[in-house]
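Below are two complexes that have subunit A in common, paired first with subunit B and then with subunit C.
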Partner chain A sequence: MKNKTKNGTGLHIVKRASISWYKAMGIRAIALVCAILVCAIVTWALTRESPLEVMATIFGGSFASQRRFWVMMQDLSVLLLISLAMAPAFRMKFWNIGGEGQVMIGCLATAACMITLGNRLPNGLVILLSLISAVIAGGIWGLIPAVCKAKWNTNETLFTLMMNYVAIQLCAYFIILWEKPKGSGKVGIINQSSHAGWLPVIGRYKYLLTVIVAAAVTIFIFCYMKYSKHGYELAVVGESQNTARYVGIRVGRVIVRTMLLSGAVCGLTGFMLVAGSDHTITTTLANGRGFTAVLVAWMAKFNPFGMIFTSFLITFMSKGAGEVATNFNLNESFSDILTSIIIFFLIGCEFFIQYRIVRKKEAK
Partner chain B sequence: MFNFVAFIPSAVKQSIPLLLGSTGETLTEKSGNLNLGIPGIMYVGAISGVIGSFFYENHLTAVNASINPILGIAIPILCSLLGSLLMGLLYCFLTVNLRANQNVTGLAMTTFGVGFGNFFGGSLIKLTGSDVPSISLRATSGCFQKTLPFANKTGVVGKLLFSYGFLAYTAIIIAILAALFLRKTRLGLQLRAVGENPGTADAAGINVSKYKYIATCVGSMIAGLGGLYYVMDYASGVWSNNAFGDRGWLAIALVIFTVWRPDLSIFASILFGGLYILYLYIPTGTNMAIKEIYKMFPYLVTIAVLIIMSMLNKKENQPPAALGLPYFREDR
Partner chain C sequence: MDNKQPAVSMRGITKTFGKVVANDHVSIDIYKGEILSLLGENGSGKTTLMNMLSGIYYPDSGHIYINGREEFIHSPKDALDLGIGMVHQHFKLVDVMTATENIILGLNEGKFDLKAASKRISEICDRYGFELDPNQKIYDMSVSQKQTVEIVKMLYRKADILILDEPTAVLTPQETERLFDVLRNMKKDGKAIIIITHKLNEVLEISDWVDILNKGKFIGNLKTSETNTQEMTDMMVGHAVKLDIERPEPKDAKPRIIVKGLTVSSADGIRKLDDVSFDIRSGEILGIAGISGSGQRELLEAIAGLQKIDTGEITYIDDSGKKSNLVGEDPEAIAEMGVALSFVPEDRLGMGLVGNMDLTDNMMLRSFRKGKGPFTDRKIPQNLAKEVVEELSVDTPGLSTPVRRLSGGNVQKVLVGREIASNPTVLLTAYAVRGLDINSSYVIYDLMNRQKEKGVAVVYVGEDLDVLLELADRILVLCGGKVSGILDGRTANKNEVGLLMTSLGGAS
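For the complex of A and B:
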């Protein structure tokens, strides 16, 4: 920014032409270590417990028992799925922060199928119809802002944000319609006795199916973005819409198509949440993960395999911080503070990957 | 029958946090910074004020004194301004100096701010080891809620115009001042230049980073006051987690709704405030579910406005041209 600083140190910022991957990783690792140090200081200041003890508690949040490990894997998979949904749109520089709503509408569609069709149609058919309707519902929720963006260049950030609340209120409406028992304001476990519309459990592992789906979608999105023509087109649109138009890519169509995919994967996540693990619907089922997913995708630079790591990091920290909060009788929002400290450091360190600071030689 | 005399004052009370938030965000956006951290900043502004007056009131109980109105107002306001200033500085440091993506930084700030507010709201009593059952700052809130002495004597007019605490009037004054600043002053013109085309502004000798810093920090502080108004005046000094809800996002939507004009925001925020609580005033009978549909109104209206604005595509109604883009002199 400044070529000469007033104090005469002559520090000066230069954009890097390229950086080796191990250097980039090294910078990120340093940022992560700094972030963990700050987290440790904050935790110590609030609990006055020895940092080692706290570390053990954080680690225990995810690994203390087999059950905790699987819950962590489930949360990781859900977060990863939503992040994967976000990635293609972000690569296209379409700021979809409506993941929350797209997941919720998927949940709603699944719950609707389970409640209205369960026990009337064969179980397999109910599951299939739930899946299809959830994917379509999520797709539509992503499609509406995309069409307006393509046609009139409507601001997509706010549009998708507002769609979140429309979806949540819609869920709230149906929850009251379906509430059971009447007046409780809750839907309760859907088809508790018949298990109609519930996804099958693989072996003893209730959450294994979500993990497998997340793994499959990771590979699919990776191939879609890296090897398919669609993936190439959306990358060009993200780099420069004018270039895209010049080479004959129909920008509007790419935007609509990508958001349809994005919304559909979110809808699938909603389906996994309702049919696979929770078997109920509440307005907080997505639990802010639509927003966290934006950060997860960004920190991994939209690389699906990088997202496995970043979503693990976030899930691990929030489980661990939750455990610390419970042990010390603190509020559970403690985990939000710790995870956002890590995110701040990881966002900030990108600067040192893209730019380097050099000392300018003294001019006479 | 629809009760307008009860409805309008509560719509206005709802509107003040939105007005302060959107005025702050407008100033910020005029410098080219799209600060999606406003919801978080409003939480931080609210909880910082709460922490300040919590200590003050505890001190008062300890020495068995009654509240000094000047200190009772000054302490929360200063704490709130300081808290939101720090958030603004963090945002500027990340986006201006480190050139981080503004959307991502903003979302992270919102996660942080909401978490920060809920954490201290939920743990303050435990952390300070005091023996009160919940955070309820009646005395401080009494100072904030004080209305003009003749408000209750002038009937309907008094109820509609004079029944609010001083921060409500401050908010309207701030909005008018911000509008005048942006449109009538040289500094305002230069700020708009930074938001429209930082390269040109830089060439004209304007210090782009400085303008971005000041506009964003002042904007954050104004928005933080919105959070403070909510907890001290609207909620009568009672902190409950997540009670502030999604008002921060609505404030950002208001910026677009008002085409970046804080003076329009005074009326638009009352409209939004009204939509926000309309469900309480529409008779529904036994159909409780339909209330949830009515709660959708503010969001649907925002969506409709967004679409209509983009369809009309008028030059004077567009966002600042460089909104959301980092500025790096050597990049050109």
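For the complex of A and C:
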């Protein structure tokens, strides 16, 4: 017989019945501290730089200057917007990993409006048409897999993933079509001289508008999911389609409607990227954020306000990691290593939020 | 007590889950060559106690002695090493594998030899009288066959202390008989057998001893040959309960729903209902009897608009005599037609309720569309939840507790409470008291009788014939998707219904 059956002590994993929010946040905070410490140790072990200096550099990546702060806020807002778009679909257990494509198609629609209509129509109208077409384009990109899911129960994960490639290829095609100057393979800054179709800048803050839009969408999605009839229906569909049918919810309609919303918010994000901040289109404009958003949404358990925190965390760390890589003459891979360490800790700590470890003593 | 050494002796076992004390200093003994019934209401701690013996839980305090030696059981593997095997209520089998593959799965016997394994399995089957084809795939098996695989799996692993958690819950009367024969053979072979149950007649039929638990505490140990149903019931519930169910005379019964020639097939084309015709009357309880899987679920779901119908008519007649056709309509459309239909489905947490949502949100399932505007009103469902909790004495920490955390009886009270609250004219119920303790069951019977007195047409699909015969005004018997008879509940007897359940010949 094995040794452990002979004694009555040992570690047991017990599922928590519930956990108070401050305890959960405490565990996450500890995880974050551990992550930063491990990052510092790894950096020190590999480069012999002082850990304190490394940590200061990570912090500096987002807060060293006002410009850095605003760039961080912009990136945070974009990531948050895409995460917000994912939340209703994921709550419905519709595994939409097509955020990337839905954003890109929104970018494409915006760029198309700016290029073809800019300087021909009044600026306000160009912006309005860009917005509408981006939202519709994103919506359609969400709608296609949803309709197929509702009608023929196709696998939404594969479908939305493939839609990403279609969107990116479409962008690549139009970039060549619109390239400027010819032969460069790039679109360049659209309407650089006239600024036609560019969103207005609030005061001196180029990125403030995106932040405001992200804040408004956060509140909207929160209310939509928590208080609206639609939000209730999609939660029921996500928990149990049988129950949904039993109470007379038309499941297909809810899937289509929710994905339309999800895609539309992605489209809006694309519009903000092209008309608001970048004023150009490249195939890497979404930059993988359509996928990172899935992580952000999951870590926050689809709570829009939690997503502010998780998207801040991800943005803050990737900015910091990038800064460490440049400041200490390390390449991009190093910042990836640091980001991975942090994500590892943040996801890993969820285990301790779900379970607790108990030491058992045999009363003997 | 004789001076034999017990095969298993559990002493002063305590187990708590958070604040809930599931077992409170429970001590039981099990001897070789005997069958022990562990009797108690739902939530009395029977399964928890056995889970500690089989290594799934670890007791907070107390001692377990196997054949006189103290042992510490940390895992199911430890339990099996000690010869303890448990067959759970929910089978743990791999569907796409054969019986043999499932049985040897996870065993390390050196050489992987399926042939030798099936030979040994056949030997075990012959020895105890199991009927099992070792090469049959699990997905081709009936529930009873799957159970056989689980039991043989334990015997193959040389278990000589066997725990069965409510083994008869999923079996037909004939299958139960067969299982009991096998258990008697195993007992003769010197195995110690523990059966967790709350069916009193089965306790009397099969076991030598019965240990009774109530609310986690050990109440008493009785010799089965020296006790009776009444004594066991009293000990189980803690106080004497009246066993007979009230049955008021139906008043002014008139047809509410007429079903004519209803035929339904499953998604794989198997005919589930075949030319079924009957009527449901207001102010009356229609009992539906049948071996499980005879088409009861499909019948109720067809009426509720959840099942695709091949042919047939379902007509609803309201108080003014206006007729509406329900075939081809979904639940929302049926509700919009003004048909107040309530349905308590068999699968409570998978269909009737959302396990992860709290009481208020579950109450809202029926009412969330009410009210203008895009937002939901949580006040009304919250008040309803409060009412249901108070009136049906639902045991819950609060209104914001997810319903999956409640015990089976309380889940059912929440579901039935909600369905009745919408003032239905038709109330369909499927296995409304399955898995419920006696007190909760009576609460449900009572609720159905109140509805009947209000003139609601009540349908009660049940599995306990004694209850059906005492509760229902008329009994519809299904057999293989066909109606094999409609009997008067007051004059029918158990034998008659049992015969109709198993053969269509009984009707002709």
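The rule we apply is simple: the second predicted complex is superposed on the first by the 344 of 364 C-alpha atoms of A that agree within 3 Å, B and C clash if a C-alpha of one lies under 4 Å from a C-alpha of the other, contacts with A are read in each partner's own complex, and residues count from 1 in each chain.
Basically, a residue touches a chain if its C-beta (ideal position, glycine included) is under 8 Å from a C-beta of that chain, and two chains touch if they have at least 3 such contacts.
As the structure is a prediction and not an experimental result, all values here were calculated from the model.
In the superposition on chain A, A:Asp278 contacts neither subunit B nor subunit C. Of the two partner chains placed around the shared chain by superposition, subunit C is the only one that A:Glu239 touches, whereas subunit B remains out of contact.
By the touch criterion defined above, A:Tyr227 reaches subunit C but does not reach subunit B.
Residue contacts after overlaying the shared chain place A:Ile249 against subunit C, while subunit B stays out of touching range. Look at A:Tyr173: by the touch rule set out above, it reaches subunit B but stays clear of subunit C. The partner that reaches more residues of subunit A, of the two candidates subunit B and subunit C, is B.
By the touch criterion stated above, A:Glu49 is placed in contact with neither subunit B nor subunit C. By the touch criterion stated above, A:Thr292 is placed in contact with subunit B alone, subunit C being left untouched. Shared interface residues of subunit A (contacting subunit B in one complex, subunit C in the other): 1. By the touch criterion stated above, subunit C contacts subunit A in their complex at residues 17-18, 58, 61, 71-74, 78, 81, 304, 306, 330-335, 343, 345, 347, 350-357, 361, 364-366, 368-369, 374-376, 405.
Across the complex, subunit B meets subunit A through its residues 34, 36, 90, 94, 97-101, 103-105, 107-112, 114-123, 126-127, 209, 241, 246, 249, 252-253, 256, 288-290, 292-293, 295-296, 299-300, 302-303, 306-307, 309-311, 313, 319, 328-331.
Interface residues of subunit A, counted against subunit C in their complex, comprise 1-2, 4-8, 10, 12, 17, 223, 227-230, 232-233, 235-236, 239-240, 242-243, 245-250, 360, 362-363.
Chain contact summary for the complex, subunit A toward subunit B: residues 1, 13-15, 46, 95, 97, 148, 152-155, 157-159, 161-163, 165-166, 169-170, 172-174, 176-177, 288, 291-292, 294-295, 298, 329-337, 339-341, 343-344, 347-348, 350-351, 354-355.
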